[in-house]
Amino acid sequence: MRTPGFSGADLANLLNEAAILAGRRGKQSISVKEIDDSIDRIVAGMEGTAMTDGKSKSLVAYHEVGHAICATLTPGHDPVQKITLLPRGQARGLTWFLPGQDPSLISKGQIFARIVGALGGRAAEEIVFGETEVTSGAASDLQQVTQIARQMVTAFGMSEIGPWALMDPVVQSSDVVLRMMARNSMSEKLLEDIDKTVKSITDKAYDMAKSHIRNNRAAMDKIVEVLLEKETLSGDEFRALLSEFREIPVDNKDVKATPVLAST
Amino acid sequence: MRTPGFSGADLANLLNEAAILAGRRGKQSISVKEIDDSIDRIVAGMEGTAMTDGKSKSLVAYHEVGHAICATLTPGHDPVQKITLLPRGQARGLTWFLPGQDPSLISKGQIFARIVGALGGRAAEEIVFGETEVTSGAASDLQQVTQIARQMVTAFGMSEIGPWALMDPVVQSSDVVLRMMARNSMSEKLLEDIDKTVKSITDKAYDMAKSHIRNNRAAMDKIVEVLLEKETLSGDEFRALLSEFREIPVDNKDVKATPVLAST
Amino acid sequence: MRTPGFSGADLANLLNEAAILAGRRGKQSISVKEIDDSIDRIVAGMEGTAMTDGKSKSLVAYHEVGHAICATLTPGHDPVQKITLLPRGQARGLTWFLPGQDPSLISKGQIFARIVGALGGRAAEEIVFGETEVTSGAASDLQQVTQIARQMVTAFGMSEIGPWALMDPVVQSSDVVLRMMARNSMSEKLLEDIDKTVKSITDKAYDMAKSHIRNNRAAMDKIVEVLLEKETLSGDEFRALLSEFREIPVDNKDVKATPVLAST
Amino acid sequence: MRTPGFSGADLANLLNEAAILAGRRGKQSISVKEIDDSIDRIVAGMEGTAMTDGKSKSLVAYHEVGHAICATLTPGHDPVQKITLLPRGQARGLTWFLPGQDPSLISKGQIFARIVGALGGRAAEEIVFGETEVTSGAASDLQQVTQIARQMVTAFGMSEIGPWALMDPVVQSSDVVLRMMARNSMSEKLLEDIDKTVKSITDKAYDMAKSHIRNNRAAMDKIVEVLLEKETLSGDEFRALLSEFREIPVDNKDVKATPVLAST
Amino acid sequence: MRTPGFSGADLANLLNEAAILAGRRGKQSISVKEIDDSIDRIVAGMEGTAMTDGKSKSLVAYHEVGHAICATLTPGHDPVQKITLLPRGQARGLTWFLPGQDPSLISKGQIFARIVGALGGRAAEEIVFGETEVTSGAASDLQQVTQIARQMVTAFGMSEIGPWALMDPVVQSSDVVLRMMARNSMSEKLLEDIDKTVKSITDKAYDMAKSHIRNNRAAMDKIVEVLLEKETLSGDEFRALLSEFREIPVDNKDVKATPVLAST
Amino acid sequence: MRTPGFSGADLANLLNEAAILAGRRGKQSISVKEIDDSIDRIVAGMEGTAMTDGKSKSLVAYHEVGHAICATLTPGHDPVQKITLLPRGQARGLTWFLPGQDPSLISKGQIFARIVGALGGRAAEEIVFGETEVTSGAASDLQQVTQIARQMVTAFGMSEIGPWALMDPVVQSSDVVLRMMARNSMSEKLLEDIDKTVKSITDKAYDMAKSHIRNNRAAMDKIVEVLLEKETLSGDEFRALLSEFREIPVDNKDVKATPVLAST
């Protein structure tokens, strides 16, 4: 199931999109292909055509495979669903994951794994192309990483600062004025402790991501080679390629596609 | 009596809900069962069906029993009314307490006991499953804990900072701009003292909660086992199970259900 | 005269209330009793019935008598007019004072006496019941204490910070934005000096309040006993009871009720 | 001339008031008396009747004579026009001064003299009645003192901080938002330097005011005695009384009433 | 040309003013005199009559001549166009300068010269009359000085802080909210560095201005004497008087009035 | 292609402008010349006539050639398209660059090169004319430099502060209130680290720019001489002149005009 966060209205919208797509393709009925393409389109925007070959395309490929490898090798991460170089919206490439069964009850280990996975793209850029060649393409990864790491510290009590909600509930609010207010109740000292703790989480996760990249360079080069050729890899194709080089943690395999290996 | 904070309008609404429920159940009159179910529904949202068995359900069970044990073993806490694994609203499980007679006049000891009880869920997660397995499910407990501990320090004069209202009355106000204003009259030094004091309260309470969990592990395992089986335990069933392992402070027993043991 | 802060409109309203009350009581004319009851109702909200006996009621009684004793024994305080356990509005008990002749020209000594009196309730809770039993019932006393002590420092030049208005006149304004502005002109250092000075005033006053309670415990126990029995004591009844145990400073006696002892 | 800051419209209004007053007094034409009374009424509110005798009235008398003496003995201050115990608006007594010829071009020395004069009331309270008896009646003096001392430092470059406008022009603006903005361009260090410098100005002025009071106690007692009797003293009457005890600086005599002594 | 910053609409307005003025003077056509008077009126407000003789008038004369001398002796400053004791708007005297050819491309040296010139008035007050006699009349000079010095540091990269725009472009904006925002991106440390650097610029300029005044006291006394007599001096008259005492830097002479000496 | 950032609507507008221009020039059809002129006009405002000869014009010429040389000699910078002394809008001269193929995916090296290029104008002013002669004309370069350097640190994770988004996504927002909010989540310490890091980037880039100017002074003098004569130089003309003095990095040549040298 790829629609865990969808409301009833979202699902109705999804079926409409799929029906239109099937019509355009001259089909009599909606197949799984139309559903999948419609989900992708709703979540990430319209698909474009791949970049022309060159250093940029290669960099994007390493970036995406970096996400996929770091995610797959960090226990607790959701499994890769597919990797693609077909751009959507602002993104030049995309790695998709299948969310676990209960997305609202997530453990400290799982959250940390997500941070490692999200930093896998930048880590690959830095290790493969060198520190001067890292790109602005990681900006949205970094925003996501920072937001999650902050939540660990300030909302979930998952750091050495302790089991304390460091932000008023309102900070989580979508109301801008309410979020501004949150500053009021915290001392400069506490703000600094939060910043230090968030940084120590992201530093630790980035070190782990760079280790995964360094320790799996041969696998990475191979997978990038195939991805540049095929432009899209399914989760199973990706895992098949990776498993030629090393063992994959059982947890992070695609439980739906490979039901016999369901999480123990 | 389970309705201490209800207004007349709330009570009318409650009776309506109970009447509808009795009608659905084909009953001629409203019984105590309908009243109880209606109170639960009004306070915590619609009841869902329990999670399927697995690690998550077990974690939720330990979390709820953690609340119940820490609350029951800390003198001054309201007695447990029931524990359930049937989710309501956002919550995956719930522990209900019977409020004391005069909820508006609460002592320092009673407030501290509430903090210990509220941290019992997270304490159980950490002791039983390990520090990496603690979950985002404790977020609302942490918010409640922080808010109460702050009130002890800033509004009730119940800390070493002394009998001083550290916030303008307006800070308690529901008006956002007024609450923002409160910052104006406090120095950074005072904000830092408040943060330190709030943290020392929550740290002390969390240590106490972890002690209760460690010292009552056998009782906990047994109660969780029964809860996973029955999905809901009444306060009396819970106390009966717990009293097989250890004595229960007289104060925290259900005074209504056991009138002969009324608080001395 | 009990109406020093009343405007003409307030007085008209007061007479209306008193007339209605006299009508309900089947009286032909308004007596002093109706006037007095109407003043109480306008100032503090509608009267309720006393709490049932128990620890809470006893705590409230000690809290109120604590106010009355600390106020009476600190020179410069307005005299007690009555003490009651009949709740009004949010308050579970009330101690009333007769304001002096010129409420707008108040000396440093008189302001400090008000702070001691306002802290008398909490001081009694702490000395009589112990530090863990102090209650949230003192919250409004603490707000009042903090606001007055701040004014001594920031508006009246009555502290070692010197004869300096530490707040823009606008800070006293009822306009929220103007009050927020006041922050602008003060350095963090000055804000910290203000906080320290306000704290030293409230600490000194709380120590004095606790001394009064400790040094007059026998009188207090006796007065509480009578108050629990009669539920309301007039200022003269209170002073008669207290004078069995110790002398009362001349200033703080009820000048109206005892004109021969009028302040020298 | 007592109307230096009056606009044409103000003058028209003044004449109207004086005409009404003359009518009420059964006069055929407006005399200087009506003009003077109308100016007082427009500037300070309606005149009331004097307080009844007692400690408060005596304190007010010393407060006003304190202003008059400190102003008269500090070179550069405008001359006293009259002292009165008849209250107006919020003020329980008033000391009036005749503004100099060019109120918009004022020197550092003249500004400092104004601060000494404004602190003379509080200084008299403290020296004559003792530190515990100082009253809230000085609040508006303190606000005026602080505002003038701040201007010396932040707008007029009249302190060791140097010839630097420490506030954006907008801070002088009557627009609240613009004034809030001024904070933006200043560091905490600069704010602290401003606060220190303002405090050192007011401390120095308060010391000078207290010296004037201590060194002229006999004159003060005499002038207060006459003031309590007559309730109002003209500037000349005041200076006549004071000159029995000591010489008066030439500058601070009333230039209009004594034209032969016009400032050299 | 005296109209470098005028728009087309401004010029039309100027001609209208000049036409009205010529009409009032009974002239058939607009002469240069009407144009010049109209420019003065538009830029600085309506002309009044000079102050009566006395210390204040003398102080204003020294203040204006201070501007003229400091400006003329600091290389890079625009040349003096005229000095007058006829007040306009708030100003009691005025010194006019002829702007250079390209006012939008101004060098660090030229900006510093403007600061020295603007501080020349206060410097003359302090050196000639003494530190206690400096007046509030310099307030607008100080605002101008501070604003220019800040721009050197924060917008033009003309200080040791380096070639860095320390303010968001929006800070230069006329939109108040945008300017408030600028604070957000700067640390307290950076704000403090800015304040220190601005102060070191103004201190250095004030020292230079005071040197010019001290070193040219005889010339100054002479020019003030003539100015008090004639009430207005043209730039050429001023330079003729000054050149009797010392050489004038070529740059700062009036390039229009003396075309053969055009800047090299 | 010179229109990488243009939307469909922008392109339509461009063609309209070009058609009008062709009409004015009496042409039957739009040529490349009209397109180019229209792009320049849309991006930079209306073209004016060059300044008259003199020191200012020479300074502007060195400033523009400073941009062109620093940009061309820093690997990764977009190639120069043309340099002109014909002013547009506020700018007294302009250096145009041809953007690379994928402006949204930019590397750390490319961003740093842009900072060096943008500082080349001020560097030339300082080296050629001396530190006192640097002008306010660099203000918009400094704003651009600061904004880019900040993004490297706070949005792209391209500094030693690490792969962390130091600003809430909202800070990038065009909504002012949202950007103000961003301040809330950062400690003073973090703000200071950001400022330090941004400064170290701009300092390093400015040192590199000054080196380029010092090491290529002869080439610069020659190119300025030609530019003053011809008023506009194409990228190829500029590169031809520069290559008489030194080799040009392959990357920074105009890839469109010289397709055989396309980036390797």
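Lettered A, B, C, D, E and F in written order, each chain numbered from 1.
Here is the rule we go by: a contact is a pair of C-beta atoms (placed from the backbone, for glycine too) under 8 Å apart; a residue touches a chain by one contact, two chains touch by 3 or more.
This is a predicted model, so every value here is computed, not measured.
Visitor: Common contacts of chain E and chain F?
Guide: Of all the chains present, none is in contact with both chain E and chain F.
Visitor: Hopping along touching chains only, can you work out the least number of steps from chain B to chain F?
Guide: The fewest touching-chain steps linking chain B to chain F number 2.
Visitor: Give me the C-alpha superposition rotation for chain A onto chain F, in degrees, nearest 5.
Guide: To bring chain A onto chain F, one rotates by 60 degrees.
Visitor: Is the contact between chain B and chain C built from the same residue numbers on each copy (over half shared) or from different ones (under half shared)?
Guide: different
Visitor: So what's the Cα centroid distance for chain C and chain E, whole Å?
Guide: Using C-alpha averages as centres, the distance is 62 Å.
Visitor: Which whole number of Å gives the spacing of the CA centres of chain C and chain F?
Guide: For chain C versus chain F, the centre distance works out to 71 Å.
Visitor: Between chain A and chain B, what is the separation of their C-alpha centroids in Å?
Guide: Distance between chain centres: 35 Å.
Visitor: Residue numbers in chain E touching 2 or more other chains?
Guide: 180, 183, 188 - these are the residues of chain E that touch more than one other chain.
Visitor: Line, ring, star, complete or other: which one describes how these chains touch?
Guide: Ring.
Visitor: Provide the residue numbers of chain C that touch chain B in the complex, in ascending order.
Guide: 51, 56, 59-60, 90, 92, 119, 122, 131-139, 142-143, 145-147, 150, 176, 179-180, 182-183, 188, 191-192, 194-195, 198-199, 202-203, 206
Visitor: Along chain B, where are the residues that touch chain C in the complex?
Guide: Its residues touching chain C are 101-102, 104-109, 111, 155-158, 162-166, 169, 177-178, 180-181, 183-190.
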